[in-house]
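You will see subunit A twice below: alongside subunit B first, and alongside subunit C after that.
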Partner chain A sequence: MKDWRYWLAEQRGTLLAFGIFIVMFAIYSANHPAGFTANVVQTAANKGVLLAFVAMAQTLVVITAGIDLSVGMIFTLTNCMASWLVIGTGLETAFGVLVVLGTGLLCGAVNGAIVIYGRLQPIVATIATGAVFFGLALLLRPVPGGSVNEDLADFLTGRFFGVVPASFVALLVIVLVVWVPFSRSEFGRAAYAAGSSETAAYMSGVPIRRGKFLAYTLAGLLAAIGGLFVTFFTYTGEAAYASGNAYTLFSIAAVVLGGVSLFGGKGSAIGAIFGALAFRTIGDLLFVFDFDPLWQPLFQGVILLIAVSLGAFALFRVRNRLEWFL
Partner chain B sequence: MDGAAPLFRMEGISKRYGGVRALEKADLTVTAGGIHAILGENGAGKSTLIKIMAGVVAPDEGTMTLDGHEVSFASPAAANQAGIVCIFQELSLIPELSVADNIVISDPPKRFGMIDRKAQRRIAEEALARAGASDIHPRALVKDLPLSRRQMVEIAKALARKPRILILDEATSALTAADVAKVFEVLKRLRSEGLALLYISHRMNEIAELADHCTVFRNGRNVASYPAGSKSDNEVVELMIGREYSHIFPPKPGPTAAATTVLEARNLSWADRLDNISLSVRAGEVVGLGGLDGQGQRELLLAFFGVLRGLSGEILIDGKPVSIASPTEASHGRIGMALIPEDRKTEGLMLPMTVRENLSFAALDRLSKAGIIDRVAEQRLIDDMVGLLAIKTAGLDIPVGALSGGNQQKVVIAKWLMRQPRIILLNDPTRGIDVGTKQEIYQLMRKLADAGAAILFYSTDYDELIGCCDRVLVLYDGAVKRELVGDGITEHALIASALNIHGDASRIELGGKA
Partner chain C sequence: MSETTLGGIAGRMPKFLRRADPAVITAFACIVILLLLGSLYSRSFLSPEYLLQQLKVASFLGVIATGMMLVILLGQIDLSVPWSVATGAMMACAAAAYGSVGVALAIPFGVLCGVAIGLVNGIGVAYLRIPSMIITLATNAVAQGLMVVYTGGFSPQDSATSAMRYLATGFTIPGVPNAVIIWALIGAATVFVLTRTSFGRAVYGIGNRERAAYLSGIDTRRIVLIAFAVSGGLSAFGGVLLAGYASKAAQSMGDAYLLPSIAAVVLGGTSILGGRGSYLGTVAGVILITLLQSILSVMQMPEAGRQIIYGVVIVAMLLLYGRAPASR
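Here is the complex of A and B:
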């Protein structure tokens, strides 16, 4: 086989998610009253990148064969925090951004420490920490409010050169600064190895613990970047329980749509980003087709089921039925 | 290599697991530039010996010296540092990563803190070429490779660590004949480069072709050490056996009048694991499956039990062809089959659930009326079973995981006896349990056969096959190579046919597909 075929096989999940997104977005913009314009793209990007950041966060943890049910709450907590701190002069704003991102890192590190060194199951550990993070958010913002440095907010949610959505460029930068180095580092590989087969990884002398810890910590950071951006879009902070939980669950859906295996060891954050964008577009499709918004959850669910089924065809080829359970 | 100073020496090494002595004052000397074969039966202590060398387990007593200096290894990584690399039987590859990723996994080349993928590719290609496996693409995912290719990757991975002593533990067991030939060339080249190789294999012909020196282990001790080629296969087999076994087996009833055939297979084949197997088991008969581990015995039992898809050939029950599509079909209705699985912890029991629940699982349909479990009937049947098998438990409502290994295995067997099966398949049921329980299982097996059950019994322990079976079929490479009957079931015949040495061992054949 040629090299490009292997590349294709490696990127299959990502490309599938990209394809689903393109098809949906094409249908969406073709039927949008305003058509495919910079404005439509900008709105879609601004909505899409929020879930994309959270989905990237989820990807890092899912790769290690774990799951992070607190990402939505880190997102909410950092939103509330940003609505207090990311304001004032340039220096004050910069300080605020750093504190918000640092908080995300800390939340992720706590999750990682509990799961790796405390040996608790990720699902329970992160439900608990998620509740704690939400509690802190509620203390910070008992009622919605606050404000944000609007110059920075408008800059990052606007357009560059009149056409390119700034939020999308920000997403790209984060991918280059966080995801690419991680996935190509020894620790990133350790995270994949631990997710795929922890015993084999241990026997091969892979730094499993440090790899997993880094994955959880960076997941906290990425969720915090999402929290920062939602503040830029809304200009306020709100400790909304339903919204935080929705982000957590949607991030899992986006990750699966993006070809990341919930069993660990396989997938890429790029795929999860397209999964997130595709998932958002599913919701938007309803508006352009003038469906009753009441139909949205049902419709989203059906489309999600169909998309996820595409990845399950391999099971028909299994010859030893015991492999169904592996 | 005579006269060369030993590179590595082990003296007086002992290791106990619980009350079981795995090694007792064992010695081994390894010289550079030589291939040293280690022979012995299952459980003779070979695996423990190399695990100690490779830093996986620590010895209870004894010393190891490398280059004349005393050494001890706290972890596999420490042994690697010292230049001792082991290719274990259980593969240590990570399935979702590529071949190249796996080859460099313990020490990837880095550039600016990130993995240098070009350098990685180069190292992987070199290592694959050195292992004679350039046909494997470095970007292929390990999980997509067949077992024989994975084994080659494992060898390449070991070579990439630049070992001084390379240990191969049954490293050729999954390889095709063509691959074996390639690996042998590589090993001979490594020998000429001055590496010390330790080669563990059950295949006599491989050892004859490869080894310079042989050491035979038995019961945890090295019993003989001799230059390769100085002893006949017969003598070697004698050295490997050379032990008494106590009479813990129930008497066999002897040849019975022609009972009806209950279970029959005709030309059964599956993938490349089962090759045209025909056999029959009569009511009241215990038929053994012998051979080295992994020659298709497990797959054969799974095939009968409806787990494998895409079987060719026929399965007949009471002389009528049937198609069995699932374990449910196999165990229900007129087929009445039961499989005591190999790994009781994953395939036999739900460890956290209670003894009672575990006992009832396979027979829930029989214990229920209109979908509701009849507690009284359940209790009666469970009492019968606990009595019959003498299961020692503090109560029926404690987790089955709290029982001893032997009692856990009894629960697995009892759970199937609740259905009163007519056909019982046993997959190495006595692995890792104590002698007392073993003896009870042997007696139970004979009792069930006397009551009319047809029993197919796979065991890795030759004594068991000799002591329990009316007939033994020896498998090699997925095919039945030999049938031993009655007094013809001897340890010598079993070992010789398992190694695929024919007749009086004067003729050696390369495993069926040369």
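Here is the complex of A and C:
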């Protein structure tokens, strides 16, 4: 095979997600009453970017063949925290942002430590830590409220030069600062290797434990960035169980749409970002076609169901029935 | 297997203790400790009325955890519990709106809706080979969507029928709540199925190694499908009982049952990887979780604190005896 074919095979999921997103967004903006304007793009970007951050977080963990069912709760916890801390003078705001991001890192590190060094199953461990994070969020915000530094919030949710949505630029920066260095580092490769075959990776002396730990920790950081941004959009903090759960669920949908394999070792955060944007756009399609908003949860659920069932097509390529059972 | 882990001490212990799973013993020991701690706080913790009341509350979780245990024994997980519970409850109450036939069929209809959710899960896991964690999350979302559409369009009938109330709160035998009898019956049936039938053997076999079970002639996919359908049905039945207990159905009534049902099964010594575990352990886990909840609420712990303690206790217990073997 030529080099570009390898590249294409590896990026197929990402390109597919990109394609789905472009088609969906074209349908969306063509039928939007306001048309394809900077305003429409800004609103769509702001909604999509939130999910994109959480989906990136989920990707990091899914690549290691794990799953993090607490991302939505880290998101909620950091949202509540930001509504207390990210306020006041420039220095105070900066301090608040650092504390919020640090909390995210810590939450991720706790997950990682329990899963890797405690050797617990990721599903159960992260459901349990998710309960703890949600409890902490409730402690911080028993009732919705709080506020945020509005200058910073407006700056990061507005537009640069009147066209480019600022939240989108922020997403790009985070990709360049967090995802690209990670995926190219030794630990990033270790995370991929651990996901595709932990035994083989262990035998070849890959630092799988540190790779996985870093993946869980950075996942916490990315979820916290998402939590920070939701505070910028809403100006408040709210400890809502349903919303935290929904973000966890949607992050999995986005990851699947983005071509990341749930069995680990395959996919990229870029794909998950387009998966997240596509998922949000599909959900919003209902509004431009004037459906009752009541149908949205059902519609999103059905999309998720279809997306995860698509993976089953690989079964038709299985020649040996024993390969059904991993 | 416990003989080897307990080593030399086991030789001097009575036979029933030697055969018991250390996890089950730990769980029962924790129950005793919780009761003692509770009795220090208030004398009424050891009164028969209080204990019976706890058993009644535990039976709802017990019914739901039974289904969860079947699925976990297979090495899978059912995350569609919250909305299976809510769907069962809401559909049973909804059926009651259609005259006397509806009232008579309310409970079977609610359970059937849960079985339907379970069948979708089972087809996804067994035949499409989708990871159970993912497909059950998806069906949970679809069930939620269906219920939102159902309740949003018009004001639904949401009060429980008298039969549902009788099952959850009535007394057939004086002094023993019906809910406890139902849990005992379901538990006895589960023990029988798991230990005395080929289905039960197959469940343990698949949990240990599905490939080997398949090669020994078991139709593993059918067994998995049935187990998920039973789990969905039991979740919905738990929802029906809860609706009877609260005399109405509510949208978020199932949310509080996902983590406790998994926790109860895992704390009772059932391996989350499947293939190992006893129903006695699940009973212990259910009672343990219910007592913990009850003590926290008696101490007037706010919701936030309860969530934190819950999560911490589950992680701590799992670290004690739910760890995977070291990789090397």
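Here is the rule we use: the second predicted complex is superposed on the first by the 312 of 326 C-alpha atoms of A that agree within 3 Å, B and C clash if a C-alpha of one lies under 4 Å from a C-alpha of the other, contacts with A are read in each partner's own complex, and residues count from 1 in each chain.
By our rule, contacts are C-beta pairs under 8 Å (C-beta built on N, C-alpha and C of every residue); 3 or more make two chains touch, one makes a residue touch a chain.
Keep in mind that what you see is a predicted model, and the values were worked out from it rather than measured.
In this overlay on subunit A, subunit B clashes with subunit C. In the superposition on chain A, A:V163 makes contact with neither subunit B nor subunit C. Of the two partner chains placed around the shared chain by superposition, neither subunit B nor subunit C is touched by A:L98. When the shared chain is aligned, subunit B comes close enough to touch A:Y192, but subunit C does not.
Counting residues of subunit A touched by each partner, subunit B versus subunit C, the larger count belongs to C.
Of the two partner chains placed around the shared chain by superposition, neither subunit B nor subunit C is touched by A:A30. Shared-chain residue A:L172: touches no atom of subunit B or subunit C.
In the superposed model, A:Y6 lies in contact with subunit B only, and not with subunit C. Touch criterion met: A:V308 reaches subunit C, while subunit B stays clear of it. Of the two partner chains placed by the overlay, only subunit C lies in contact with A:I123; subunit B stays clear of it. Within the superposed three-chain model, A:P297 lies in touch with subunit C and out of touch with subunit B [touch as defined at top]. Touched by subunit B in one complex and by subunit C in the other are residues 321-322 of subunit A.
Those residues of subunit C lying in contact with subunit A across their complex are 77, 124, 128-131, 133-135, 137-146, 148-149, 152-153, 210-211, 214-215, 220, 252, 255, 258-259, 262-263, 266, 272-273, 302-312, 314-315, 318-319, 322-328. Subunit B contributes residues 75-77, 80, 88, 91-98, 101-102, 105-106, 108, 110, 113-115, 117, 137, 139-141, 157, 270-271, 302, 306-310, 326 to its touches with subunit A in the complex. By the touch rule above, subunit A contacts subunit C in their complex via residues 67, 114, 118-121, 123-125, 127-139, 142, 198-199, 202, 241-242, 249, 252-253, 256, 262-263, 292, 294-302, 304-305, 308-309, 311-312, 315, 321-322, 324-325. Those residues of subunit A that touch subunit B in the complex are listed here as 1, 3, 6-7, 9-10, 181, 184-186, 189, 192-193, 195-197, 200-201, 203-206, 261, 264-266, 318-322.
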